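In the part that follows, the structures are each spelled out as structure tokens.
Same chain, two partners: chain A is paired with chain B first, then with chain C.
Right after this comes the complex of A and B.
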């Protein structure tokens, strides 16, 4: 089980020595991910979702808060043991082209981490070879046709499958998939998404799926939760079905409204609206609701007070809006 | 609904509603002394004042088609056969390079995928607009800047800021909008959009789509949209052409195609879209990979390797065009089931 406790991340930059501007990428995010659970983090570019994924995978430090894995806080782990500690979390990145060394065969790329693992577990070379084949089969690649090839011989979808296989070499308990399908043709995306769901069920690993595509988020976390992030804050959180069916935060509603409607099979939801203004990452005002300048429902109170994350009707659903109201923005199927 | 086989339409004087006619277009790339066809025998009518989408996977030839529409296929590729004829310009496949240069940008304009890669990183956006104006001998280059500023305001961009910026100072969504400004500023008759939203997140995508939609309506601009995303097609296009391995396999009005796809490839494509409604487990991944250029079958149906309805005839004979009766919905498939919804 992973717990993210009030994590903050501040990037220092810009300006001179004395007038350093701080950019808050995460402003106190808390989350719990149980073993075998799926969670989708959604939000637009620059909202902090990637930073959160990288912090959980141990690739980024945090400024405040605590990361707790199976009850042990990271701060109590000696720095020398941290690499081992983070083996349990593996990151699958957006770009399967950049993630592989073009000059090495796929077999080598897969066998090297397996050799370390074999040493760790006290296994021999036969185990390494068999395990490589087993992992490739698991992600839907033909071992014989893959092991002796180079990355450029594979298509984008196959490469992403391979990257997943490589992440599995160290028997992780958590896979963090950061925009893992956005560079792949739409026609092949579903194959990768269903691979992530299958692995979760078959291997009992948890999946953190990071995306801006709410339909993909729903597919991967269909029996899990969705967490909506805006400018480094969680603004809505809940079971996937609840978030999709009755979003209460205007930002969630904007993300859902922006999804294309498959005219012919669907018609737009009655409350659908198109948010026009861009995310202004330069905006630094901290008072009030961070979303208010883009929110069509903002009032004077939203400029004065900051809405905190609170439970909706006392349940496990959370939202950060003074005026939570469910709206029908999701497309409606036609007859 | 029944189907009838039809003869391929004859190339003739263009009808009033056709802005561009493509007949028998074959584009080949020379690889290791072999001529491989990226597009084969493509027939297409692009309607005046409408948005026509060309949808296909990576390697389907959709970007090659966009280049061929401007006669801009470069070596090792060439247009091996066929004609591309515009109503206002005539046959671009027969033009010399100077006439082509004048036509491109002025009459036919293209917005590329990932505009950040097509803007010059070393000069400001405004200076690049002036270059564009000069290269097309505009008498008053400043008028182009004024037009660009007006377009920027339309797209809810701060015109002064955008025109004085370098490309790295703009976000992805802003750069894509700047790309569209470049495409529109000389008031072309035909606009080609190659994957206009692929690098953008959903919110930027929806605002770019909204901009394209409203400007197209206002100017009655003939638009060709190249994409791999059926969602983008559904949001924008009036008609869709489905391209697979360099061949047109289906063509229909958008809602008709999405509601009643005929070709097994189109059916699978629509089933593979993760949706916000309905049972998510009903979505089915599209199996297999599209063939590489060298592996595209030269006889028979190009989709047979991934087709669940594959028959013997698919190996030997290229399927002809069938038309759903009384509609302009056409598809190329041997399977009888394709005639039914």
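Right after this comes the complex of A and C.
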């Protein structure tokens, strides 16, 4: 189980020595992910969802808060043990082209981490070879056709499958898939998405799926939760079906409104709205609701007070809006 | 928890291995005739440097009655101002020139690559210290340094020459390797390797080095060329006192003994220059194949 407790991330930068301007990537994000659960983080570019994923995978540090794995907070782990500690979380990167070393065979790329694991578990070289084949089969690649190839011999989908296989070498408990299908041919995306779901069911690996594609987020977390992030804050959180069917935060509604409509078969939801402005990552308005400048329903209170994440009707659904109201924004079938 | 075994464990391991490095090299070389010629030229000069001097006495005979003789069976390239065979001088002189150049290049490559990768990968204080040393090396004027060193150190042995050329030559390569490492370390596969818990040594040696290998190999041969020019130039100018015979000394003596003014000495003058050109030519032709050997993406096609 992973707990993210009020994590904040501030990037210092720009503006010279005296007038340092800090960019807040995450503002007190809290999440809990049980073993075998799937969660989709959605939000537009620059909202901090990738930063959150990288923090959970141990590739980025955080400024405030605490990351807790199975009851042990990271701050209590000695720095020397942290690499081993973060083995349980593996990142599947967005770009399967950059994620593989072009100068080495895929077999080597898979066997190197397996050797470490073999040493750790006290296994021999035969185990390493068998395990490499086993993992490739598991992700749907033919070991004979893959092990002696170079990354440039594979298609984008095959590479992403291989990246998943490599992440599995260290027996992770969590896979963080950061826009894992956005650079893959559309026709191959579903295969990768169902692979992630399949691994979750078969191996009990939790999946954190980071995306701005609502349909993909829904597919991966169809029996899990969706977490909507805006400018480093969670603005809505709940079971996937609830969020998709009846979003209550205007930002979630804006995201869902942006889903393409299959004209002729579907028509736009009656309440859909698209924010007029783009996200201003340099925005300095810290008081009040961060979304208010783009929100059609903003009132004077939104500019004065900051809405905190609260439960909707006392349930497990959370939202951060003063005026939660379900609206029909998802495209509906014609007729 | 462990994955379900789909793969039957008794299945025989595959034999569809990748071709060995030797096979890859052979294929790359035979693809273009120029590459074979280049390698043959290099092999010729290397064997000349290794075995050639064994064929001649340590002190080449002088023959006052046979100055600037035209080519003959005894002296295929004619004779010099003392009646010594030019071919004999070329062959015995090759060892010093080529071994000093090879040593200088190896030294340059080893130090430059190591410094560059370590500096670019670890950054921070390590980077600062190494880069300041590199800057210092880059600012040393190699040529005047050699002149100064020659007053206390006779460059009779190619090892001394090679070490000095190498010591002053690695700065540029270190900077270039560092910048390549800087861009590589941000790539996804390096991050993935860190996430998988692979050691820094592994990342440097197995992930970064193979990616800059073509560049380093290219530099190896280019610095051989550079070192040959540098040492031959020094001897030709006569700023370094010499004891042994080599191509630079031949040129220096040729100019010093009036070879410029008589057409009979043409072969004596041209032979060392032609050798230097041929070696360079061989290096350039061989370089063409190296990139293909070390870069898996270029191998097929």
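Rule of thumb we're sticking to: the second predicted complex is superposed on the first by the 332 of 335 C-alpha atoms of A that agree within 3 Å, B and C clash if a C-alpha of one lies under 4 Å from a C-alpha of the other, contacts with A are read in each partner's own complex, and residues count from 1 in each chain.
Heads up, the rule we're going with is that contacts are C-beta pairs under 8 Å (C-beta built on N, C-alpha and C of every residue); 3 or more make two chains touch, one makes a residue touch a chain.
None of these values were measured; they are calculated from a predicted model.
S.K.: With the two structures laid over each other on chain A, which partner does A:305 touch: chain B (first), chain C (second), both, or neither?
M.R.: neither
S.K.: Using the touch definition from the top, say if A:258 reaches chain B (first), chain C (second), both or neither.
M.R.: After superposition on chain A, A:258 lies in contact with chain B alone.
S.K.: In the overlay, answer first, second, both or neither for which of chain B and chain C A:59 touches.
M.R.: After superposition on chain A, A:59 lies in contact with chain C alone.
S.K.: Is A:316 in contact with chain B, with chain C, with both, or with neither (first, second, both, neither)?
M.R.: It touches nothing on chain B or chain C.
S.K.: Using the touch definition from the top, say if A:70 reaches chain B (first), chain C (second), both or neither.
M.R.: Neither: A:70 stays clear of chain B and chain C.
S.K.: Who does A:168 touch here: chain B (first), chain C (second), both, or neither?
M.R.: A:168 sits against chain C, while chain B stays out of touch.
S.K.: Quick one: is A:216 in contact with chain B, with chain C, with both, or with neither? Answer first, second, both or neither.
M.R.: Only chain B; A:216 stays clear of chain C.
S.K.: Which parts of chain A are touched by chain B and by chain C alike?
M.R.: The overlap between the chain B and chain C interfaces on chain A is empty, containing no residue.
S.K.: Given the complex with chain C, which residues does chain A contribute to the contact?
M.R.: 57-59, 83-84, 86-87, 90-91, 93, 95, 98-105, 108-109, 112-113, 116, 129-130, 133-135, 137-138, 143-144, 147-148, 150, 152, 163, 166-171, 202-204
S.K.: Which of the residues in chain A come into contact with chain B in the complex?
M.R.: Counting only chain A, the residues touching chain B are 44-45, 155-158, 185-191, 193-194, 212-216, 218-219, 222, 244, 254-266, 274-279, 330-333.
S.K.: Would you mind writing out the residues of chain B in touch with chain A in their complex?
M.R.: Residues 57-58, 156, 171-174, 201-207, 209-210, 228-232, 234-235, 254-259, 268-270, 272-278, 280-281, 283-287, 289.
S.K.: Could you please specify the touching residues of chain C with respect to chain A in the complex?
M.R.: Residue positions touching the partner: 1-7, 9, 13-14, 16-18, 187-189, 191-198, 202, 206-207, 210-211, 213, 294-297.
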